Each structure stands twice: as structure tokens, then as C-alpha cells.
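Each of the next two complexes has subunit A plus one other chain: subunit B in the first, subunit C in the second.
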Partner chain A sequence: MIEAKNISKMFDDSAALTDVSINVKKGSIYGLVGSNGAGKTTLLKILAGVYRQDQGEVLIDNQKVFENIEIKSKTVFIPDSLYFFSQYTVKDMAIFYQRIYANWNEERYQILKNAFQLDEHKKIQQMSKGMQRQAAFWLALSITPDFLILDEPLDGLDPIMRQKVRNLIIQDTAEREMTVLISSHNLRELEDLCDNIGILHQGRLIVEKELDDLKSDIHKIQAAFQGDQPKKIFQNKNVLYHEKRGSVRLFIIRGKKEEIIQEVSQYQPLVLDILPLTLEEIFIYEMGGIGYEIKNIVI
Partner chain B sequence: MFELDLRSRKPIYEQLVEKLKVLIISEVLKTDEQLPSVRVLSTQLTINPNTIQKAYRELERQGYIYSLPGKGNFVARVTRDGNTERLAKLREELVKILSEAIYLGMKKEDIIKIISEVDVMVRGGEK
Partner chain C sequence: MKSKTSLFNKGFILNDFRKYSWVAIVNTLALLFIIPLQIIMINNNDYIYNEALKSLFLFVNQEMQCILILTVPVVLAVLLFRYLQVKTSSDALHSLPVKRSTIYRSHILTGIVLLILPIIITGITSIALNIFLDLGGYYSASDVFRWLGITTLMSLTIFFTCVFVGMMVGLSAVQGVLTYILLLFPAGILVLINLNLDFFVYGFSFNNTNLDKLSPITRVLQGFNPLNERNMSSIEIPAYLAFCLVLFLLADYLYKVRNLENATQSIAFGKMRNVFKYGVTFCFMLLGGVYFQQTQQTTSWVIFGYLAGSLIGYVVAETVLQKSLGFFKELKSFKGYAVFGAIMVILMVGIRFDLIGYEKKLPPLDEVQQVYFSDSYYIYNNNEKYQTDSFSDQNNIQHIYQLHQKLIKDKEINYLTKGQKQKRNAVFIYQLSDGTTMTRDYEITYDEYANYLKPIYQSEEYKKIHYDILEVNPADVEKITLRPNMSAGKYKEAVILDPAAIEEVTEIMKQDVMNKTYEQMTEQKEPWASVSMLIDNNKLNNYPKLSETIDQPDRDKQIHASWDKSGYLLENWLKEKGYYQKARILPEEIAYAVVEKIKSRDQWEEKRRTGYKINENAADNKFDRLEIRDKDQIETCLREYRSEWLLSDSLNHNTESNDSYIIGFYGRDKENFGYGSFAGNNVPDFVKEHFKD
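Let's turn to the complex of A and B:
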């Protein structure tokens, strides 16, 4: 379990994180999303024990993380910008990690060699961006970590590699109950991978929920009515967004699907469509609700 | 065993529940047959194991499967004439389609003719 309790972090005068608490259950894949500069990377670095928080507590397996060798030897963090020693090949890195991580699995390293098809004797820094990412995953998964923390992990990988890496992560989660925390801007990608989602904005956590709950709680409704639109409709509901497109009305509403259908049916709509929202849409409307929204700028 | 539509808006866990229900009702999965383990299915479909676990729990709650601790999940004895839910849905869809057809000028006789044709096709013309 990865737990952060009321974390705050300042860099000089600016607050990067304010009172953030998150909870990643064992064996879960947790997706951390957020606006640019929301503090995702800072949070991940604190959880991985790279930065120390100013306030609050970070626990992995109920132990403090910072400078805790036991926890760190079970945790792998793949940062946004990768770091390898200069002149090192994948093999050299493997030998280095083997000495540091007690759970290094040589057998796995050999099996994964086939999955990634990289030349282990090539200098990593001479590899392309995508290949360097592959090397990072190859090494990370050979360590067989209990906790895997990934910052924008699939950036720069081709579609086949993405699928392969996702599959490898899922296998480890299913078989060894590895706990995974992923930050990404690619919400489509998180949608099939994660079971829990946290949304960060300006250093605060604004939503933390199971993905399925998040999705079943919010709906997109398109309806058209005979004559004028009934004025009283959805007065008692939490309407996040409302728009007229010709004679069709679009609503984004929070609430139970059955209740919404019941209410609309009273007004005998000519057209009624209820769609679940994609994670991307949820993100956009949640952000809109706190004043960070899409405004098309006309130049 | 089956494919999921990852681009659909429908939550994956709901899709899983529906697909498995269809397989059970249509007896592709027989009573007491073991379902693939969470681990196997999640790797096969590249789906989060917790999502699959959740779908299995939901199917168990609805009485489609039962679980034996340490052994896995198995298909429960389902009353196969329990297609009530699906029938209600089909009825709803039929009403929708027929309304449109009538609105666009299709005659009642034409619709009845189509119904008898389909009936002949499906039942092989027995009278």
C-alpha cells in the first residue's frame, strides 16, 4: 500500500503541493492525472523518496519512505526524463542493479530480452528515446518490484510496445499483486489500465475515486423536446454543463442514471440519448467546474 | 474467448459482465464449468485484474456464477428461460423501430408480412 497523508511541498515561494492525501491499495493500478504544472511529478518524487515533503507523511507498507533502504529496494521509480550512467550498456546497468536490488531476477531479465529485442551491449545513451524507455522497463521489471511508480511511462513507445509493456505490468499486478502508480496525460490509455483515478490541480487533489464509480456517477444526455424546452427540467440535479445545439439540448449531469431517465421521461422527449462519459470528458468537465476550462481563443 | 470494445464508452467492467452473461445464457459456458482465472483473463485481454475481479463479483451477486475459495469461479445453474431482461429490451427496440417505420409511411400490412416472412425463415415454415 502506498499512502500519502496531508502532504505539502514548497519550492522557494511557490507551493507545489498543498495538503494532498492519496491512497493506493495493494495490487491496484492507480492513475494520477492533472493539468500541466499540477504537481504530479513532485508528488511522485515524494512518494518515491526522491524529494522530502515539508509537511505530512508518506508511507509505503506502513513505513516511512524517505531514506528507507528496505522500502526503496522494493520500489522502482521510472521518471519522466530517464537517467542512465554515460557509457553504460543495458548489461552494465543490469549488473549495477543486480548489486543494489535484492529481488533482482536474472531469469526474468533473460526472458524479457526476447520481449524487448534490444541489443544489451549497446550503449543506452546512443539509443533512441523509445528504445531508452524500453531499456528502463526491461530493467525495472527484472527487479520484480512490489511498488512501481511511473511518470508518463508510455511516452515515446510505439503502439505495439505500449501494448506489450501494459501487458507486462498487468501480469505482475495479477500474479504478484504489484502496486502501480502511473501519471499520464494520455487519458485514453489510463482508462483501460487503471482501477483508481486521482485528479490533481494546482497542487491539490480534487478527485480520488474508483474509475467505474467515477464513470457511473456522471452522464451525458442529449435530448430534444416538442416545442420549448421544459424550464424546470433538472432543477434539482447537479448540472455540470448545459448547451443548446439547435433544438437538441446537451446536459452533463451528476447522478444516478435511472433517476435522470425518470425525470426526462416526464417531459416526453422526442429524442433521448444517455451516454457514459469518457475519462477525458470527465476530466474536462471536472476541471471546468473549478474554473479551468476549454475556452477557444480566436486569433 | 471474447473481445472487448476498448473504444466504447461503456465501462469495461459492464462490458465484461454482459459478455459473460451472454456466454452463460447461450450455454457456451456450461453449468459448473470453470471460468478462466482472473490472472489468465487479465493477461489475455490486457485488462486490469481488479476490473475482472469486480465483474466476477457482480456476476456472483446476480447469481450467474459461484466461487469456491481457493478453486476459482464456476458457472451456476441458471434458469435458461430467464431471458426476460433481454426480451424486455428487444420489445423496447422493436417499438422504436416500428414507430419510425410507421412514421416514414410503412403500412401495417407490410410490417405483418415481414413478421410472417421472418417467422417462416426462423422456424423453417412449420405450421
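Let's turn to the complex of A and C:
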């Protein structure tokens, strides 16, 4: 379990994080979303024990992370800008990690070699950005960490490799109950990967939800009625958004799906469609004012 | 599973060795070239200068060695901790399960090994060469071990300083530059503060003789030759070791509390930014003041220097901190400067008006046990070895005290009037009964205080301090040689070997010294001859000044004295015993002398520059030169002339210098024997007469 409790962090005079709490359950994948400068990287670095928070508490497995060797040896952090020693090959880095991490799994390393198809004797800094990222994953997964913290991990990967990495993450999560915290500025990228989503905006966490909850809770309904729209419709429901397109009406409503259908059915609609909402739409509607503000970031 | 409290991390150490061993390899090669190869090269010469090999291990003229000691540790420290100053590496490496202290210690261990290994290899090679080439006569294994120790200690000191600086800053370039600044800082700031106080405070004393020992950089550059009293003292070694240890612990602590996100900031700790900013401002201010103090010597220029210097310093510091010039746009960026300025003004006004009474302070006379009084600190600094040259006679203490009182009263005459008169220092160091000392240093024109100086100069104590001959026991002297000060072509000297004569002449010379009046002591006439008294080898220990250099192969075994123009008793004795002709230049040896009047300082400078001090062509300026062939007149000139270099002083400071003359003495073939000068009251009458309009 990865926990951040009321984290605040200042950089000189500007606040990077204000009172942020997140909670990543064991064996789950947590997506942290936010625009550039929202504080994702800072939060992840604090969780990885690199930075020190000004206030609050960071716990992994109920232990403080900072300078905690036991916890850190079970945790792997892949930063957004990767670092490898100059002149080092993947093999050299592997040897280095082997000396640092007790739970390095050589067998895994050999197996993953096939998955990534990188030349382990090529100098990493001569590789392309995407290949370097693959190398980072290869090395990280060979450590068989219990906790994996990834900062913008899918950047620079082609779609096929992206899928492969996702699968590897999901596989480890399923098999070894690995806990994953993953950040992205792109909500869609995380949609089919995460169990939980948190949105950071200007250093504050504005939403933290289970994806299933979100999806089952908000509905987009398209309906057409004979004549005018019945006046009393959805009076008792929480309508987040309402729009009229010709004779068709569009509702975004929070509530149980059955109850909503039941209510609409009372007014005998000519057309009744329940449409799927993208994660993006859910956030926009869910959060009203702030939602629009962050609309441009969740592309 | 690795132990949580592991001291070192194998991964980091092996990694460091892999990445940075090249530094040690290059250093080893360089050292092998500079020392063992040099030994082989010198050994191949037919003649080996006695100290040539030894000096390799004492840093005597070893520029290359100095460069290595001063750069290699800095390069290594910057490289080893480079990862801290770069965000990507800092983030990546600190997410690994290794404690900061463990990372730190691992790097330090690697650094120490990489620093010491080349030194040890060079040392072993040197000892091997010593054995195989049989060079034991030129240097010994202990010389090599001392070199090994010194080199290691100095390298580590510089290494740890650089590591320490690295923890405070966030840029490798700043780390390198700041390391050297910090290494120079103790000596530098003392010089700056003292020079500034020296200017503002009348009588402020600044003894700068051991200053270079305060900075490892100057310490290395000065070398470690025991003959120059540069050997590593028993205080220095533990001091440097303690310094290294303190820096090691401090850097460890700073690493732990450092916020890693401050990589790429100039200074990594917020509070230190202010220390840096105002420190730089302050130092630049002092530097500006010193610059204008040395060049212009007026208060207004110095104040201008403070203003300009501090402003430049402030801007430089801000630029380094902000890494841009953007702060110029905002007026509020200069708020700090205004506060700084206000504090400095208060401080300076306080110093200027002597709020603590420094300038007027004198110790109570009855508490003074001893007083050192001289025109330099030099003798004082060496005093511990040759007893003290201070005055302890009550009369002398009182006379010196009165002179000091007078100087305090004469502030207006002596303070900031440097360019106008010929001045020398007057240093007073009082040893008080409570064990403390009080030191003052003035710049005065000695002639103006003749009345005060006279009783001091004529006292026995003063003469004992200034004339070594008074302490000579004739029984210890093997030989006395008198060498004429001016030689007429052929070399001659008077040698006295007979013990009875030696005893007699020694007593005579002592008498002459004791008879000297203040005027004779300060007349600055060139002596007839220099006198060397060779001391018996077994008696050298009776003469502390000589036994000091006892280990030196070409040591001085002679007590030096001179046969002054006022040494009449000696003159008579020499005549009586027949040494006279050989002990001085005689008018008979001189064919003629030429006197010229020096009209202005420019004319003298011109002569000095060209080297033609006397016009060779007699026809040129008939009225400006006087040729003397009369032997009596030549004798008078010989008795009166002073060094020609004194002309600079008399022309410099004496505005009514209507009476400066240069004289040249010549042989039959017009060969020059030497020059001299006349000025003031030692101009012979016939010279005055000739040049009268």
C-alpha cells in the first residue's frame, strides 16, 4: 500500500504541492493525472523517497519511505527523464542494479530480453528515446519490485510497445500483487489500465476515485419526446448537464442506471439511448467549473 | 539482504572506479614524469647539484607538482559528486535503496583511494630508484615519506574542501570556483580587512608574515623547504587532519539535509544564499577599497572604491544566484544592498571616529616588561629563535614610550601623508606583565623624531641588538677579513689571522660601535669596508643567529660587521698595524672623479634608465660637471659619499632639493670604479662652490 497523507511541498517561494493525500491499494494500479506543472512529478519523487516533503507523511507498507532501505529496495521509480551512466550498456546497468537491489531476478531479466528485443551490449545513451524507455522497463521489471512508481512512462513508446508494457505491468500486478502508481498528462492513456484515478491540479488533488465507481455512477442519456419535454422529468435527479439538439435532448445524470431508465420510460420517449462516457467527459461533468478548466489538459 | 547500516556500497564504489579511475591513471603518469623520470634525468647529468633531487620532494620550484596538487583533488571531487548537481542523475540515484550517507562514504572512499594511489606509486618508485641508482647521498627514504605525507595531506584537504563546497552548491562550475575561493578565503579576508583597517586606523598594525600558511593554496605554492622555515610544523599536521575530519562530517551532514531538488541552483541552501550574497558584496567592497587605497591614497577615492566594489559584488552575487540579469528590472532587488550599505556606513563611521579608542590607547608604563621597536616586523618574527631583540632597559622603555606618545599626538602629521615624505615604518610591540602584547605600526619620517630617537639609538641595548660584533668573543674568531667597499680594478683585502691582533681589533671595533653617535648611525655614508669574522666551527653554537642555519651545507659561519667612516679607532689601528692600505680604496688608486648636479627627479630617472649616470663626453656640459684630480679632494669625496640610490629618496621627498649630486670614480683608463651621491650637509664645500650658479 502506498499512502501519502497531507503532503505539502514548497520550492523556494512557490507551493508545488498543497495538502495532497492519495491512497494506492496493494495490487492495484493508480493513475495520477494532471497538466504540466500540476505537481505529479514532485509527488512521485516524494513517494519514491527522493525529495523530502515539507509537511505530511509518506508511507509504503505503513513505513516511512525517506532513507528507508527496506522499503526502497522493494520499490522501483522510473523518472520521466531517464538516467543511465554514460558509456554503460544495458548489461552494465543490470550488473549495477544487481549489486544494489537484493531481489534482482536474473531469470526474469533473461526472459524479458526476448520481450524487448534490445541489444544488451549496446550503449544505452546511443539508443533512441523509446528504446531507452524500454531498457528502463526491462531493468525495473527484472528487479521484481513490490511497488512500481512510473512518471509519464508511456511517453515515447510506439503503440505496440505501449501495449506490451501495459501488459507486462498488468501481468505483474495480477501475478505478484505489485502495486503501481503511474502518472500521465493524458487521461485516456490510463483509462484502460488503472483501477483508481487521482487528478492533480495546481498542486492540489481535486478528485480521487475508483474507475468503476465513476463509470457506473454517471450516465449520458439521449432522448426524444413527443411534443415538449416533460416538465417534471428528472426533477429529483442530479442533472450535471442538459442540452437540446433539435428534438433530441441530452442529459448527463448522476444516479443508478435502472432508476434513470425507469423514469424516462414513464414519459414514453420516442428515442432513448444510453451512451458510453469517456473518462474525460466524466471528469468534465463531474467537476463542473474546475472540469472546464482542466478540459484542455485531459486531451 | 544488505545490512541497513552498511558503511559502503559495493555497487557505487565499483561504479566510481570504473568511471573515474582515469583521473588516477593520468595523475600517476604525470607524477611519474615529474618525479622519478626527473630523478633519472638529473642522475644522467655529470654534475648533480646538491639539492636538486631533494628539492623534488620539498616542492622547491616544483610548479607542475603544485598544479597537480591544486587541481587533481578538485577535478576528482567535482566528478564524483557531479551526479548531485544534475537533476536526472540525482533523482535516479537517490531512488535506489542506498542511504545518502552510504553513497557519500562510498564516493569519499573511492576518492581517497584514487587520490592516494598515484602518490604511493610515485613514492615507491622513488624509493626503488634511490636503491637501484644508489642515490642515498642526494635524498633519503625519509624525504620520500615526508613528501608522501605532505602530498597526501594537502590533496585530502583540497579534496574535502571541494566535497564540502559541492554539498552547498548546485552547479559543478560553481563548486570548482567556490572551492578555490574558499581555500584562499582565510588568508584573503585577513589581508583585505587588515589593509582596510590599516588605511582607516592610525597606528593599526598588520603583521602579514605568516599569512600564506593560512591558505592551503599559498601553503603549497610556498613549498615545504625546512631551510626556508617552510617545513610542515607539528601544529599544521594535526590542524590539517582536523580540518579534513570536520569537513568530512560537515559535508555528510549537509548531504543529509540537502534538498535534492536544488540541483542546478547556484547555492543549494536558502539561508546560505544570503551568506553568499552579502559575503561577496563585503569582499568586493574591501577589494575596491584596497585597490583605490593603493593607487590613489585618498579617503574620497577609497570611499568611491567601497561604493563601486560593493555594488559590483552585489550584482555579481545576484547574477550568480539568479543565473540571469533579470533582477535588474526590479528596484526591490536592491533593497538588500541598501540595508547592507547602511550597516557598513555605521561600521565605518564607528571605525573612523575610533569609538573603541584604539588609536589613543597606550599600555600603562609600569606594566610594560619589554618593548620591541623597529622599522619592520621581520626581526620580531624570527625572534623566538634568537632570543628577543626587544628592549627591557627601563630607560629605553621610557624613551620608546615617549616617542609613541608623541606619535599618537602627531596623528595629523603622519596619517595619510604617505606620498609627501620619505617614510618608514615604526613598529611597537609591548610585552605586558599580564602576558598579553599590544602592537602598533606607524609610518613616520624618522628624521622628524631625531630628538626622541637619539637616546634610544645611543643606548647600549640598541647597539647590542643592531651590531652583532658586540657579542663576539675574540677567542672564537679564526680570521677577520676586511674587503674594501669600492675596488679599483685589482682585488685586495686585508686578512688578520694573528689571535692577538684579532683580540685587539675586535675590542677596537666594539669601542667604535659604542662611540657612535646618533648622527653617525644615521648618516648613511658608504662604509670603507665590510668585515667578516670567521667563527670557529666548534663555537658556532655560541652565536644563535649562525647556529640557526647549521644544517645548511653552505651555511654562513661569519659574523658580519663593517668599517664605517666613523670608525676612527679602527682606522688608526689599521694604519698602525699596516693593514690600512689593503683595507680601503685609496685616493692614489683613483685617477679622477666626476661630479654632476642632478637638477630634477626626471633627470635622475633618465640617467638611471639609460645607465649613463655620468656624461662620458666631457665637452658636452662644461658647466654642469666638475672633474676632480686633487688627491685631497678625492679623499674628501671618498669620506663623504653616500650610495647613489639614496638620490631617489632625496629627490623624491625633498622639495628644496637644490643640492643633489652624483659622483663617479674613475681609473687611468677611464674605467669606472663606482658611483656615489652627495646631498644635504655632506656635500663637500668645493663641490658647492663649483656649482654655485
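By definition in this document, the second predicted complex is superposed on the first by the 277 of 299 C-alpha atoms of A that agree within 3 Å, B and C clash if a C-alpha of one lies under 4 Å from a C-alpha of the other, contacts with A are read in each partner's own complex, and residues count from 1 in each chain.
Everything that follows uses one rule, which is that a contact is a pair of C-beta atoms (placed from the backbone, for glycine too) under 8 Å apart; a residue touches a chain by one contact, two chains touch by 3 or more.
These numbers were taken from a predicted model, which means no experiment stands behind them.
With both structures placed on the common chain, the touch criterion links A:T278 to subunit B but leaves subunit C unconnected. Contacts of A:Q171 after superposition on the shared chain: subunit B is touched, whereas subunit C is not.
By the touch criterion defined above, A:E107 reaches neither subunit B nor subunit C. Once the two complexes are laid over each other on the shared chain, residue contacts for A:E70 go to subunit C alone; subunit B is not touched.
Looking at the shared chain after the overlay, A:F11 reaches subunit C, while subunit B stays out of its contact range.
Ranking subunit B and subunit C by residues of subunit A touched puts C first. Judged by the touch definition given at the top, the superposed model places A:Y83 against subunit C, while subunit B stays out of reach. When both complexes are overlaid on chain A, the residue A:Y51 reaches subunit C alone and has no touch with subunit B. Once the two complexes are laid over each other on the shared chain, residue contacts for A:D212 go to subunit B alone; subunit C is not touched. No residue of subunit A contacts both subunit B in one complex and subunit C in the other. The residues of subunit B lying in touch with subunit A in their complex are 6, 9-13, 38-39, 42-43, 46-51, 54.
By the touch criterion stated above, subunit A contacts subunit C in their complex at residues 11-12, 42, 45, 48-52, 67, 69-73, 75-77, 79, 81-83, 85-87, 96, 99-102. Those residues of subunit C that touch subunit A in the complex are listed here as 1-2, 4, 9-11, 14-15, 19, 87-100, 259-261, 270. If you check the complex, the residues on subunit A that touch subunit B are 27-29, 163, 166-167, 170-171, 173-175, 191-195, 211-212, 215-216, 275-278.
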